[in-house]
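Please find the structures below.
Each of the next two complexes has subunit A plus one more chain, namely subunit B in the first and subunit C in the second.
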Partner chain A sequence: MSIFEGLRFRPGKSFIHRIDPRVKLSISIFILSLAAIYVDIIVLTLLISVEAFTVARAGVLRLWLRTLRGSIYLALLVFIITLVTRLLPGGPLAESLGYAVTYTYRLVVFLTSFSLFFLTTTPEEIALTLSRLRIPYEYIFAFVSAIRFTPVLADEMRSIMDAQRSRGLELDRGRLLSRVRKLIPVLIPLLVNVLRRSYELAEAMEVKCFGASKKRTYLRDLNIKPSDYAILAAAITLFATAIYLRVMGYAPLQILTGLELFNGM
Partner chain B sequence: MLLVKISLAVLFAALTAVGSQITIPTSPVPFTLQTFFVLLAGLVGGPRVGFVSILIYLLMGAIGLPVFANLRGGWEVFLGPTGGYLASFPLAAAAAGYLYRRRMPRLSSAVLGAAVGEAIIYLIGVPWLAGWLSFTRGLSLLDSISSAAWIGMIPFLVWDAVKAAVAVYVSTRRQVVLAIEKYVG
Partner chain C sequence: MQAIVFDGVSYVYPSGVRALKDVSFTVERGELVVLMGENGSGKTTILKHLNGLLKPTSGKVFVDGLDTSKYTVAQLATHAGLVFQNAENMFFESTVWDEVAFALKNFGYSDDVVRKRVDWALRFFDLERYAGQSPFTLSGGEKKRLAFAVVLAWSPPIIALDEPTIGQDSLQKEKMLHMIRLLNTQGHTVIMASHDVEFVADLRPRIIAISSGSIVADGPADEILPDTEILRRCSLHPPQLALLMARLRDLGMPRKLVDVDTAARLLVERLRP
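After this line comes the complex of A and B, so read on.
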């Protein structure tokens, strides 16, 4: 079951990985908000190239493309809906197509905006970021440990399956119903182990005085470096400029979203 | 006691993530153990642990980890046709846990809990699918509900009954009940 390897975060050492997670989160939020206020192919292309460039530098381009692939159905759906709702009241084909393409494009930018943050941030850093957002530590702890324990439990399930196979249990043979029945000798030890493990985990937490003091400290804290400030300042400047331009009514190639491109020709 | 609850929620979230990947290939509908572990989290962990653990599980999927059935993940899944089923899971686990844990280890209350849990999954999942269908295909409300039931409920009924039966069986076994009483209380 090597599929669970995907759950292990692969720590990266790239420049992008080392940016403060709060800065990365803000950039993701900026991209999301710009995609929300600009319905414009040029701006959207700019945004998505920023994302693509960043994830490529971080070395996680393939994972990022996988999230893109996951959103294909939703994108297709939005494309069709937009096209139909524009065409039905008698809108011209070219204009409707322009709208459909732009809205779909925007959705893709929307869906991928947070991948930038999640793909280059370790669960620990996500936890630190969340705690800075004043979310109670119990919840953060539960979330992060669940991610950590998933590969552990996958290993455990594999050992139990192997143990029962060595006793002659044929898990991969038989018809559906008998295969479901054969899962029971795997499930019961797994469940009892989980219950015992949770007790041990709770004891370990108690020994280490989990929740004893109101103010928690961390071994590794988030420190904003000067380079982080520089990146954040650049991002805020760009974001503010984009908002300002939008408020002033600027939309570089609105023609692509509407009819003008096709009319002008 | 609180710590045991927290760690149990952690482990059940991880267990659901692992268990959702157990698939037995059948056609036309693949048999996955996702809903089985949702019910089990409630039956074994109790209502609060069940609710919280499945919520954590959904959150793991939302940030893009491939923990949903068939290795899917990402927050776009919630917006898709099956989003309603996902959203119903924490409630289903809580209901199953509430009904069973009041009178553990009575078989009848485990059966009731699993049945109500399954019912909640369909009660939220099928209307969501219907809404999705009527939105995308422009079907009328009545048509979309009947086709949603045909797509998202009727092919699954037998397997879900099997899964619920296994969940009831496992959670009323003596070893499991003893472990619950010993470690969780």
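After this line comes the complex of A and C, so read on.
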């Protein structure tokens, strides 16, 4: 469940927190796109170092690392699946391992790319960013609520697990199938509580006249600063260069000799 | 033999919050203890140590003589039954009967014993007529009673209750009071977290007052509840009777008094010409 920690906003006053959310969103999208087009361990390492550096500057490195830790199981699954599907048709072990490692690595970069945005941007700023992108407020509200309630749900799931364990439920014992069946006492109360909460939320929204006027105004507005433009310009330049290199067919690993192993990716 | 021993227990949550700081106390078998303290003082953290949901970061917890760090939650739960604060949000079975049977089946009781115990628990909590209904159709008070029945069905020697009176009306609280007393006289050790001073005053238990993870006082209700200094440290207000007695000191009323019957008798004695 710690994978959701990456969605939980932590208030802060760091330089990263003050960057315009649209710029941060762009950077997250750049990182995600680069991870999608480069299957190259060096590029991925570069990307993850950029992420690590930024979250460290924002003072949320520990939370970000927890997201990483939470993604271990998913990463492990991808690793095994890739390795098996490469080995079975008779692929050489070294090459298959190379693919498995890189694909897993790429997944981790995928999963963490948006933490940079979510960890340092208030839900209000996220809503503002989306509204600037002309997305209807109903959808924005649904999206922001989903983000806001995910960590709440994770907490709730933990306390339901505690209650059912107190009633003698042993979640971590037995065969896989019986373990899955043991999730029923956890998932049903969770679902019931989610439904109850959504009704409560709907009522609270109506009380506060949700949707009363077509044009919404906001308490705060987004103001892009010169420093934001500078950061955006730098990010775009790097992104464009990376795309150009990729289109020209350069990938660091192919250039480096002695690592023929990863060729052809 | 002692039911519960906390020996220099400290607990730090993974988030880094130090919830308990060197907490030590002992609860004898058959005692009735209430943990009082402000929100976040560590009451629930203490209760979660009783069935091993939490293991001490340092120090030792013994429940029924068992070192909790060496046993699983399922093993300890048969010794200490924990009723959660919002336990009524944890139901999942299709009938009230099955809901009560769930834990008994987990603990491996035979069908015959399961049937007997479920019937007993439903009778004890006055829920027999709902046996075939969905738990979700019950009223708030009935759900609360079901939450108790669910844990008491296996009759754990130690019963831990987390804020049982929250959101309950006075009739329900009175039922709860009788039930807790009854269980206690039947020999169960009852440990409960609460900041409902009036409810606790009626129960007149031993009180352990906690503030930010440390014990600030430990003694009988008659001593602790009228003590404004201790209560203030726990963000609590004395029960009304204690406040009244404090005001009537000129009449020679004892300051440490939380029992309505005694207070009424003494007042009548002094006021009758």
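Note that the second predicted complex is superposed on the first by the 167 of 265 C-alpha atoms of A that agree within 3 Å, B and C clash if a C-alpha of one lies under 4 Å from a C-alpha of the other, contacts with A are read in each partner's own complex, and residues count from 1 in each chain.
Just so it is clear, a residue touches a chain if its C-beta (ideal position, glycine included) is under 8 Å from a C-beta of that chain, and two chains touch if they have at least 3 such contacts.
Here the structure is a predicted model, which means the values were calculated and not measured.
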| item | value |
| --- | --- |
| Touched partner set for A:Ala142, first subunit B, second subunit C, both or neither | first |
| First, second, both or neither for A:Thr67, with subunit B first and subunit C second | first |
| Contacts of A:Val152 with subunit B and subunit C, given as first, second, both or neither | first |
| Which of subunit B and subunit C A:Ile188 touches, first, second, both or neither | both |
| Partner chain(s) touched by A:Thr237 [first = subunit B, second = subunit C, both, neither] | neither |
| Partner chain(s) touched by A:Gln164 [first = subunit B, second = subunit C, both, neither] | second |
| Partner with the higher number of touched subunit A residues, subunit C or subunit B | B |
| Set of subunit A residues, in rising order, touched by both subunit B and subunit C | 184, 188, 192 |
| Residues of subunit A touching subunit C in the complex | 159-160, 162-170, 184-185, 188-189, 192-193 |
| Subunit A partner contacts - residues on subunit C that touch it in the complex | 48, 51, 53, 72-74, 77-78, 81-82, 84, 86-87, 89-92, 102-103, 106-107, 136, 150-151 |
| Of subunit B, residues touching subunit A in the complex | 2-4, 6-15, 17-19, 21-22, 24, 26, 31, 33, 40, 44, 52-53, 56-57, 59-60, 63-67, 71-77, 79-80, 135-136, 138, 162-163, 166, 169-170, 173, 175-176, 179-180, 182-184 |
| Contact set on subunit A toward subunit B in their complex | 1, 3-4, 6-7, 67, 70-71, 73-74, 77, 80-81, 84, 111, 114-115, 118-119, 126, 138, 141-143, 145-147, 149-150, 152-154, 157, 176-177, 179-180, 183-184, 187-188, 190-192, 194-199, 201-202, 205-206, 210-211 |
